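This is the structure, below, for whatever I ask next.
To keep things simple, chains are lettered A, B, C and D as they appear, and every chain counts its residues starting from 1.
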Amino acid sequence: MQTLKIGLIGTGYMGKAHAIALKAAPTVFSLSATPVCELLAEVDDELAEWKARELGFARSTGNWKALVADPDIDVVDICSPNFLHKEMALAAIAAGKHVYSEKPLALSAADAQKMVEAAEQAGVKTLVGFNYIRNSATQLAREIVESGEIGELIHFRGRHNEDYMTDPRVSHGWRTRRETAGAGALGDVGSHILNMAEYLTGQRISEVFGQLQTVIPRRPLADGSGGMGEVENDDQAQALLRFDGGLIGNIETSRVATGRKMGLAYTLTGTKGSIIFDQERMSELQLYKHEGPEGRRGFSTLLIGPEHPDYAAFSPAAGHGLGYNDQKIIEVRDLVEGIVGNRPLFPDFREAWRVNRMIEAIERSHAEGGWVVV
Amino acid sequence: MQTLKIGLIGTGYMGKAHAIALKAAPTVFSLSATPVCELLAEVDDELAEWKARELGFARSTGNWKALVADPDIDVVDICSPNFLHKEMALAAIAAGKHVYSEKPLALSAADAQKMVEAAEQAGVKTLVGFNYIRNSATQLAREIVESGEIGELIHFRGRHNEDYMTDPRVSHGWRTRRETAGAGALGDVGSHILNMAEYLTGQRISEVFGQLQTVIPRRPLADGSGGMGEVENDDQAQALLRFDGGLIGNIETSRVATGRKMGLAYTLTGTKGSIIFDQERMSELQLYKHEGPEGRRGFSTLLIGPEHPDYAAFSPAAGHGLGYNDQKIIEVRDLVEGIVGNRPLFPDFREAWRVNRMIEAIERSHAEGGWVVV
Amino acid sequence: MQTLKIGLIGTGYMGKAHAIALKAAPTVFSLSATPVCELLAEVDDELAEWKARELGFARSTGNWKALVADPDIDVVDICSPNFLHKEMALAAIAAGKHVYSEKPLALSAADAQKMVEAAEQAGVKTLVGFNYIRNSATQLAREIVESGEIGELIHFRGRHNEDYMTDPRVSHGWRTRRETAGAGALGDVGSHILNMAEYLTGQRISEVFGQLQTVIPRRPLADGSGGMGEVENDDQAQALLRFDGGLIGNIETSRVATGRKMGLAYTLTGTKGSIIFDQERMSELQLYKHEGPEGRRGFSTLLIGPEHPDYAAFSPAAGHGLGYNDQKIIEVRDLVEGIVGNRPLFPDFREAWRVNRMIEAIERSHAEGGWVVV
Amino acid sequence: MQTLKIGLIGTGYMGKAHAIALKAAPTVFSLSATPVCELLAEVDDELAEWKARELGFARSTGNWKALVADPDIDVVDICSPNFLHKEMALAAIAAGKHVYSEKPLALSAADAQKMVEAAEQAGVKTLVGFNYIRNSATQLAREIVESGEIGELIHFRGRHNEDYMTDPRVSHGWRTRRETAGAGALGDVGSHILNMAEYLTGQRISEVFGQLQTVIPRRPLADGSGGMGEVENDDQAQALLRFDGGLIGNIETSRVATGRKMGLAYTLTGTKGSIIFDQERMSELQLYKHEGPEGRRGFSTLLIGPEHPDYAAFSPAAGHGLGYNDQKIIEVRDLVEGIVGNRPLFPDFREAWRVNRMIEAIERSHAEGGWVVV
């Protein structure tokens, strides 16, 4: 059995989720190659060693450059803070490695473009972790749209709202600084819904009209000085959308949407039916079909089951439910199969670059007060 | 006991709803005056007589001008097709009658303005039937916002989507013509959510950025000729909003939102909590408060009960539910008390005029591609 | 137009609901006769006069026997406390009046039987106010079951739980005394779900196995003495059921079901589909059909609309919602049409007697520890 | 790092779920020992080898007795068909192995008792896979009950209904035969809710009154003969319950509950609050507290998050959701920690034996028509 040796950089929230998925994927799916948790990099040797033991990696290093240079490594898996993605990915590409990076790919479209060009020149595979598109229910939504089952799409409504910064005591940190985060809510959670809008509709967002707002303009500095710092990016954003297929729609995103914990949700309206989804109930999809007797029409709650994409690998029985980490397991399956089968990965760096361009178009539109072409 | 003699013009959907409410209101509420179903006007004498018997009016006429001129009538209640509102209201005002008109008040802001000026000069009371703001749950939402219980508002999301024109075989009629309907979905159902946005937030919409679309550009003519006619107004519309208190938000409206029957819904996000409401479940409100132990926070489903505005008059027990017509009963109560007590009515013609101006601002913004001041 | 002159006894919760319905019904429906709010009886002349003015009755009396004897009255409408139903109904029947009584009909099956016999001998019409079976959604459920659309019924689950006596400070009053209330939760709210079980399934409950419990055995006396009294009936009850058509099922009822305000709910499982209903969301029904592609099956939320029983009289547009009082309006329609058309009414005294017998069978089963034939 | 070498017997639905959990658990949790997927047994060598490769086991065998006898194996993990549990567990115990068995433990209480006695005499650890009690939301429910937060429990309602045998074409197989399955729905899915009833309430079910029914009495034989066979156990069952702490309640279970896919659900009613849970929405819990202003009380939807039991190991952010397999990961954690720490496991064979006794008490009660002491 072929193996793919993985070098993981960063062991925070996402690093752990990647590790779990790498461990579980070969048992959930019949993979063409086994991903091997080979090498783990953290900020120093000690932490790296501890985390390697905890997450089940064979070796560790306190120097990510050593990881990138390691001849044994096939795939560099980047789960570091966002502002480090670019440098690490470019180094990995230069070393001829495939790159599996967390989102957002980069802090700017210009940076993302450089990464795309490097990867494409080097001929390495890239994958960016927009994991929510891999949820079985969302894959099902895509399938229903694509099949024409709800007719022609006429409206898309999407949001990704959370409230992790509702509390004004949350400090001014890397997330609230332009230099380290780029856009605020729009770049962080908003990137998911922008990517998903194109995935679900099969259309490209061609023009945007955006509005951004920093709701809490000053936050306490993290240095314990008691001082306050100016927040440099958006707490919430919204945009009207034109798609290249004639569809219109809108998106909303927020990090101060009080009460929303995993508020990624969408409504797809078609000429013959509609779909409603809410990630807080990630294992169900609401489907309406404009057919049959009028007195029997209503939104049906489809519980995800083995007839739906990728579910059967987790359970043969409907309604048993997928969790957050299961999405990452599907993502790892796609990574492995794409690399081994030499097939295009989605979303790759090029696709993720689009997300950066959409974010910047929304920002520019906000500044200019008019529609901006993506 | 004082009486208010009502002259009703028009006996379609809304005319019947008004009649039911006029009959029930004095029993539900202890009113300062009894509304009397005195005179009913329809397009001809025969229909008028039949409808008067059916809806319980004392007298009838095939000539609405006779109704307006009738010295016994205190209030002219206009439930005719929208394009007739202006002429009838102006005649009623000229005759010194109070006017209770269905929405939308007029087909254009200019017309609405004339009606406002006439009414204010004549010193008559006016009320426009934006009935959804009278639902107990929505009054509760307003109460919660006003009290500061969810902090300062930071986002408003509203929609009023229905699917009564999803079927492309629905004919080209008065609703799809500029001359008889003015705006399309935006003027019809959209007017509700625009009015409600200001009601709920207590702020004025100061600027809009709008986008309109006619999804089904041609519909069969109603004349049986088999020909098709060009639809002259919007099937769906959306807008970003700026409020004068700094709040931002958005609205959506549609008459082709497949699957939505009574899709008026809103989310009010505040710095300390949030409210979610859906008119399809009109007797409940979702409330989130950012307080108490983190592990016990969640959206609570409040079933409307006697502690909430106006519910106790219908039932002393919580959770028993209000229906569509109950909102009209509350509206009639407000009409009667406002006239008898000589208090301002809400929303009166001046307020409804704002709705026309918001609609036109959204249309102009769509045409111009930029923000438009209301 | 024919009239039916109504004499109403009692103006509490239900008396007002009846008055509202009597006023509104002729406008909502095209009735064969107009119910006239003629005479109202309360415990003394003064209260009666005040209430007659408030609820819109032409005359009043402080003596219910005068009402029953009044030659002008066609229908005696009994909304007095439960323990008075028997005496009043027997007097009304003796006077040859039709009787419209609130539930429960009587405090015991023996009493109910006497009332049935008197009414049938006198040949008067009787109707008992089990209003929830008239809700459009529940009529639809009955229609679906009857049509065979969900196959043969194999299980019924029903409950009517509320929490109006959860608070231990609620005093020992007429509800908690055997002499004035008969059974506790089982007689009060439980009677609704027992009646509904037979209505929905079209089968008779033939045997029951019951269990009752007084959760709060002592409550403060209402006399302000500070003393406590022994509660004499059940706070909660449950029973397994055998129906005469082979169906099995269960019911639950409670007045201490903390958090439930209008907790009447049922699930009907058939061999080809299922129905779920919850009165707290009274304008929707969940329907599952075991047909079509497996990946598209799910419970559909049907919003009640004009295709469903009796809805169109309230609104021509789906999803606009019925309220509690609308059920009473339908009940009044049935009363009027049954009397004028000389058709059987449902549920009449005979049917309500069954409810008393089911309650007593459950109580006896609880005492004996075995199945009891109804 | 210590290891626990696992020998897995059976690779169907549950075998795979165990394998996934064994692989993922050490990364999700910081375990005191690493479970190692050492040896896998299937019905023949070839299948065993294939499955070992697929599920990631080091070695394989076509003879489960060899697995049990293997000196390297610490834990025998039994995922074979139910009727084989007894023989395999006894053999494993005889070989001094710890046993991790799928539910139901045995086909009869007598068999289960033998297994309990053997295990206790041998001093090995045992764990039975009632995985739903490990779901974070259900652990939270237990925590809330235990803390007294909803007062004293007064009612328990539970069900585990599915529809995997709704279709009458599902053949007569091991599930429908007494010899191979024991009880029907009651033994299969019913065992979960019986176990959970005691887990959640912290009380023992002392007496039951049961009712069973075979809805589809004959099913097609699986031999392709076209013949039909008599179903030998229940398709649906229900029971009233008395708990030893005074609590009453009821359970329902079915394999023909048309439309229910993962219909494990419960309502816990207390004197000061209530909890509602539905496994089809496994990452949320509804909580009602009878406190605070009456107009602000309602069931709150708690999205499971890091403040709740075991969630933080999967994700640091609330609302991201657990899936079916995550419950098994928690179960593996408990297995490992219990063995390494020499702590009691729950539910062990003794606890699972209770489930068998409750099942048999319900069956006996059905036969006898009266309450049966467990």
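Basically, contacts are C-beta pairs under 8 Å (C-beta built on N, C-alpha and C of every residue); 3 or more make two chains touch, one makes a residue touch a chain.
Predicted, not measured: the structure shown is a model, and the values here were computed from it.
Colleague: Looking only at C-beta pairs that count as contacts, which pair of chains has more of them, A-B or A-C?
Modeller: Of the two interfaces, A-B and A-C, more C-beta pairs touch across A-B.
Colleague: Which chain lies the greatest distance away from subunit C when centres are computed from Cα atoms alone?
Modeller: A
Colleague: Test of understanding: which option in C-D, A-D or B-D shares over half of the contact pairs of B-C, residue numbers taken as the match?
Modeller: A-D
Colleague: Could you work out how far the Cα centre of subunit A sits from that of subunit D, in whole Å?
Modeller: That gives a centre separation of 35 Å.
Colleague: Just give me the whole-number Å value for how far the CA centre of subunit A lies from that of subunit B.
Modeller: From the centre of subunit A to the centre of subunit B is 41 Å.
Colleague: Using mean CA coordinates as chain centres, what's the subunit A-subunit C distance in Å?
Modeller: Going by mean C-alpha positions, subunit A sits 54 Å from subunit C.
Colleague: Mind pulling the residue numbers of subunit C that touch at least two other chains?
Modeller: Residues 260, 284, 297-299, 303, 305 of subunit C each touch two or more of the other chains.
Colleague: Name, in rising order, each residue of subunit C that touches subunit A in their complex.
Modeller: That would be residues 140, 284, 287, 293-303, 305, 307-308 of subunit C.
Colleague: Within the complex, which stretch of subunit D touches subunit A?
Modeller: It is residues 1, 13, 16-17, 19-20, 23-24, 26-28, 30, 53-56, 162, 164, 260-263, 279-284, 303, 305, 314-326 of subunit D that touch subunit A.
Colleague: Which of the residues in subunit C end up touching subunit D in this complex?
Modeller: Contacts found on subunit C: 150-151, 154-155, 157, 163, 166-168, 209, 211, 213, 215, 236, 238-240, 242, 248, 250, 252, 254, 256-260, 269-274, 288, 290, 297-299, 369-371.
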